[in-house]
Amino acid sequence: MFLTTARVRKKETVARNCFTLSLKEEKIASHCTPGQFVHVRLSMGYDPFLRRPFSVAAADPAEGVFRLLIQTVGEGTRLLQGIQEDQPLDCLGPLGSGFVPGEAPYFLVAGGIGAAPLLFLAQTLSKQNQPVRFYYGTASEAERVPLHAWLPATVEQIDATEDGSKGFSGRVTAALDRDILQGIRPGQIMACGPEAMLRELARLNATWKIPMQFSLEERMACATGACQGCAVEIAEEAGMINYLRVCREGPVFEAHKVVEFHAKASS
Amino acid sequence: MFLTTARVRKKETVARNCFTLSLKEEKIASHCTPGQFVHVRLSMGYDPFLRRPFSVAAADPAEGVFRLLIQTVGEGTRLLQGIQEDQPLDCLGPLGSGFVPGEAPYFLVAGGIGAAPLLFLAQTLSKQNQPVRFYYGTASEAERVPLHAWLPATVEQIDATEDGSKGFSGRVTAALDRDILQGIRPGQIMACGPEAMLRELARLNATWKIPMQFSLEERMACATGACQGCAVEIAEEAGMINYLRVCREGPVFEAHKVVEFHAKASS
Amino acid sequence: MQKLQVELGSLVLKNPFMAASGTFGFGEEYANIMDLQALGALVVKGLTLKPQKGNKPPRVVETPAGMLNAIGLQNPGLDSFLARELPRLNQQEIPVIVNINGAEESDFVTLARELQDVPGILALELNVSCPNVKEGGMAFGTSPAVLSSLVEKVKRVCGIPLIVKLSPNVTDIGEMARAAERSGADILSLINTIKGMVIDTHTARPLLGNLTGGLSGPAIRPVAVRMVYEVFQATGLPLIGMGGVMSLQDALEFFMAGASAVAVGAGNFVAPDTIPRLIADLQSYLERKGMNSPAVLTGLAHGSR
Amino acid sequence: MQKLQVELGSLVLKNPFMAASGTFGFGEEYANIMDLQALGALVVKGLTLKPQKGNKPPRVVETPAGMLNAIGLQNPGLDSFLARELPRLNQQEIPVIVNINGAEESDFVTLARELQDVPGILALELNVSCPNVKEGGMAFGTSPAVLSSLVEKVKRVCGIPLIVKLSPNVTDIGEMARAAERSGADILSLINTIKGMVIDTHTARPLLGNLTGGLSGPAIRPVAVRMVYEVFQATGLPLIGMGGVMSLQDALEFFMAGASAVAVGAGNFVAPDTIPRLIADLQSYLERKGMNSPAVLTGLAHGSR
């Protein structure tokens, strides 16, 4: 974990309300692993007050550059969208515990901006010659980030849009379910996206029974583990249910341990 | 008084920590009189929270443009300094009661950024063919705004610097005192500048006995007269001492009525 | 616009947005910028029997997302108000609520008696929570017994709706609310400012002439919302919520916490068009949500969790 | 750096800047970023006898120039603290103050008895002001009699300096301070968070799992400075001031109001290097001003006006 100043190499709009930042910062670029995030200070004043967490979406240790993929949703992300090339950005990171290796083939399931950490994961897995399928769901085509610029050629991309404007017509979880029912079965699922998507995956997995890791989001203050602010209920080995920290023990958790999804999925 | 959006026509650095903004806003440009000010919102967020008052330093009703002369002293002025040409600026104004005509000749006494309202006044008086001498004091030459760009040719400019780097060596009040002792006597003095300068003027005027108007500063919230926040003690005609509003009855007051200077000058 | 009307007991407002006392003067100042008739109500600057000179300057200072003020109830006094301010307000058909203040119970009672049958005054707001005056002021608003006694006496002479404005500078605001309710308050308004201080580190002295001042603005909004929520549970009275309202989003928090109307204070200084904007934004919000009255929002946040 | 040393009674700190309880965990988290030995003191996360699960999420939410938290004292409990956290802190020679919490008087007394003779603990901080737990918590900090009784009992078993942390959620903080002083407190720290609420207007429900939370950050600084100023006049005890400190400027306000040391809470989240920066900035400030100790600053604002 470093408290450091990155410099904006490039800013690019890549979809409706969605942009990427390429950030020059060697320590973060060379130490981050897929699923980790950075905590970014958006103002030297008090508005907004808290930092904002963003997943590392790509990292090039040789170049000393890492990338963020950001959806503009509120004040903080709007401010960030206004940043100019070559400006400094106060970053704390890399933070959190990322994805852990499972059994191939890997199916990555991204809902909307949830693609960010999975892109980095796909790049990393591909470098290790692991077979990867990347399921990418959005509401419509306008929200879609052109992933081919990020994904290695060996990664198979499956598109889904809820309005059918691109790829599978419907939820990305339905696309995955269709494939699994047809026998295209992963050894490991890694997912990131809206709560509803994760909940549906948890529900479907009652049938599939496939090892699954989720990258979760929770409101954060410190993002270092100091404040206990980003708690999520996790059922640990001994059957004990405890609040763990999304910023420290997470953001990636084994899906079956996340009490919230488990309880509702099985009820 | 209008709540309106001006547009930045031009921004120019004119001295150390000092810049001017030319603002396109026809209603303010055509309604303001010398001594009046505008109340500017510096952030659409809460940091800084309150607006900031700045005197109108020039106005061209034909062009629909007015100008501010601003010294960078804190957060708010620093933010304002970062504004780009063509950006909008939320302005409330014109506000307050400005200078009132007196007897010629007019001697205008400016300490540092106090020059702002007096520049507008000098322009206006000159248009009315009134004789004007403009005393301009700063700490050193680096702080001096090149006033010749603002002042009509008929206005005589007397320079003073405390370190002697330009013009009279010493306080601007000493320069004026020298002239008055030599018989160069105004019918009316109008002054704006640091408290110490105004206090010294009040003290010297115990000897001179010349009608004198001061433009005062006080911390403001509303700047419209609604909150009573910008009170200054004024001795009114009946000998009654009351708190008047710098933003409404002021910022310009007859010097002898300003209790603060009067009391201390005579003590 | 009909559908924005709200009723706080017998106090009927054409919309739920008011200008908070002390932040809109006697209305004159903002007349150039907005149609004052459009206000749900204008609560005028705190009035006392005799004219008040107010506190020594500086009286205001900016703070993070807020400000301190220590005006000290500078006002022209009852007679001047009745002779000069009120006729103008009435002529312009501005809905007026008068915020009354005193150093002793009898001051409040006299003011209430004199004002309550003057035409053109919708209601009285009893300010027992001003942190910026030495006598009276907050003292009345920090002890349930003292508050009870005062409200009871004022209520006895007051034929129009009586609003009691609660101080946030207390351990248990619910207890104060119940004391006011028991003693006859018709409506409660909250919160007044929170007592604070800024020190000028150059002079090493408190910056305000009065040493302390009252904190208002967005900084205090979470405290104000919490108190409205608590008072909504503690009493059955209609509530006027305030504290840092700048946007409809902010106002919705107060409605949902339990307010039937919302007042804007410091927000007026920053954005003088706040109240007209709130009115327009609420109108379209209700339409979008298919709600037929702001009253539907009141207390929504207390639904079973 | 010698000249930054301060003495709060018998508690000696190498500099006056502390990490506020609950905002620095048990120190581990920020070890990568700063030298924890440089801290004046690290006040660890509120400790209870038994492990505590903490409150339902969400537990934090941003507010204007501040934040609400409702952690609910999640902590590993006394045994785990002594077995795991403290040895590590001691090994790294980090000056530790333990913030203790309980639902009943006996919990506090037991904790104090167990902790006070453990080597490597500089002082205990009695947290009687947590707004985020149902039992105990703030209740101890809002009644002078209850506070007195508690402080007295704890003091009887506590051989190291006893800090009492005051709640701002009271009518008269001076009275609470005097109650603590009378009962044997050695040092007072203030303020804890102010109780607040944010309502999620989309769901029309309080946003925090615990409904309410504690407000901290620059938003509350004027309230905190005022309270330190009042408590400085009310008692003769050394004070630890906190509430929204981000810069030396802010810290100077607390010193001048009467604090002998200053703690940083939410500021650590925004700028994790705040404390090292404060130490460096104070050092050069004192040099520039020709002052030979931070103690010179304490209470300066009370000079005759």
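By written order: A, B, C and D. Residues from 1 in each chain.
By our rule, a contact is a pair of C-beta atoms (placed from the backbone, for glycine too) under 8 Å apart; a residue touches a chain by one contact, two chains touch by 3 or more.
Quick caveat, the model's predicted, so the values are computed rather than measured.
Chemist: Both chain B and chain C are touched by which chains?
Modeler: Under the touch definition, chain B and chain C have A, D as mutual neighbours.
Chemist: Return the chain whose centre of C-alpha atoms lies at maximal distance from the corresponding centre of chain D.
Modeler: B
Chemist: List the centre-to-centre spacing of chain A and chain B in whole Å, with centres computed as mean CA coordinates.
Modeler: So the centroids are 56 Å from each other.
Chemist: At what distance in angstrom does the C-alpha mean of chain D lie from that of chain B?
Modeler: Between these chains, centre-to-centre, one finds 47 Å.
Chemist: Taking the mean of the C-alpha atoms as each chain's centre, how many Å separate chain C from chain D?
Modeler: It comes to 34 Å between the two C-alpha centres.
Chemist: Mind pulling the residue numbers of chain A that touch at least two other chains?
Modeler: 46-48
Chemist: Touching two or more other chains, which residues of chain C qualify?
Modeler: Residues 63-66, 217-219.
Chemist: With chains as vertices joined when they touch, what's the shape: line, ring, star, complete or other?
Modeler: Graph shape here is complete: every pair of chains touches.
Chemist: Which residues, counting only chain B, touch chain A once they are in their complex?
Modeler: 43, 45-48, 75
Chemist: Would you pull the chain C residues touching chain B in the complex into a rising list?
Modeler: Listed in rising order, the residues of chain C that touch chain B are 22-25, 28-30, 32-33, 45, 53-55, 57-67, 69, 71, 74, 217-219, 266, 268-273.
Chemist: Please give the residue numbers of chain A that touch chain C in the complex, ascending.
Modeler: Against chain C, the touching part of chain A is residues 46-47.
Chemist: Write out the stretch or stretches of chain D touching chain B in their complex.
Modeler: Residues of chain D touching chain B: 64-65.
Chemist: What does chain A use to touch chain D in their complex?
Modeler: My answer: residues 1-3, 41, 46-51, 92, 218-233, 242-243, 248.
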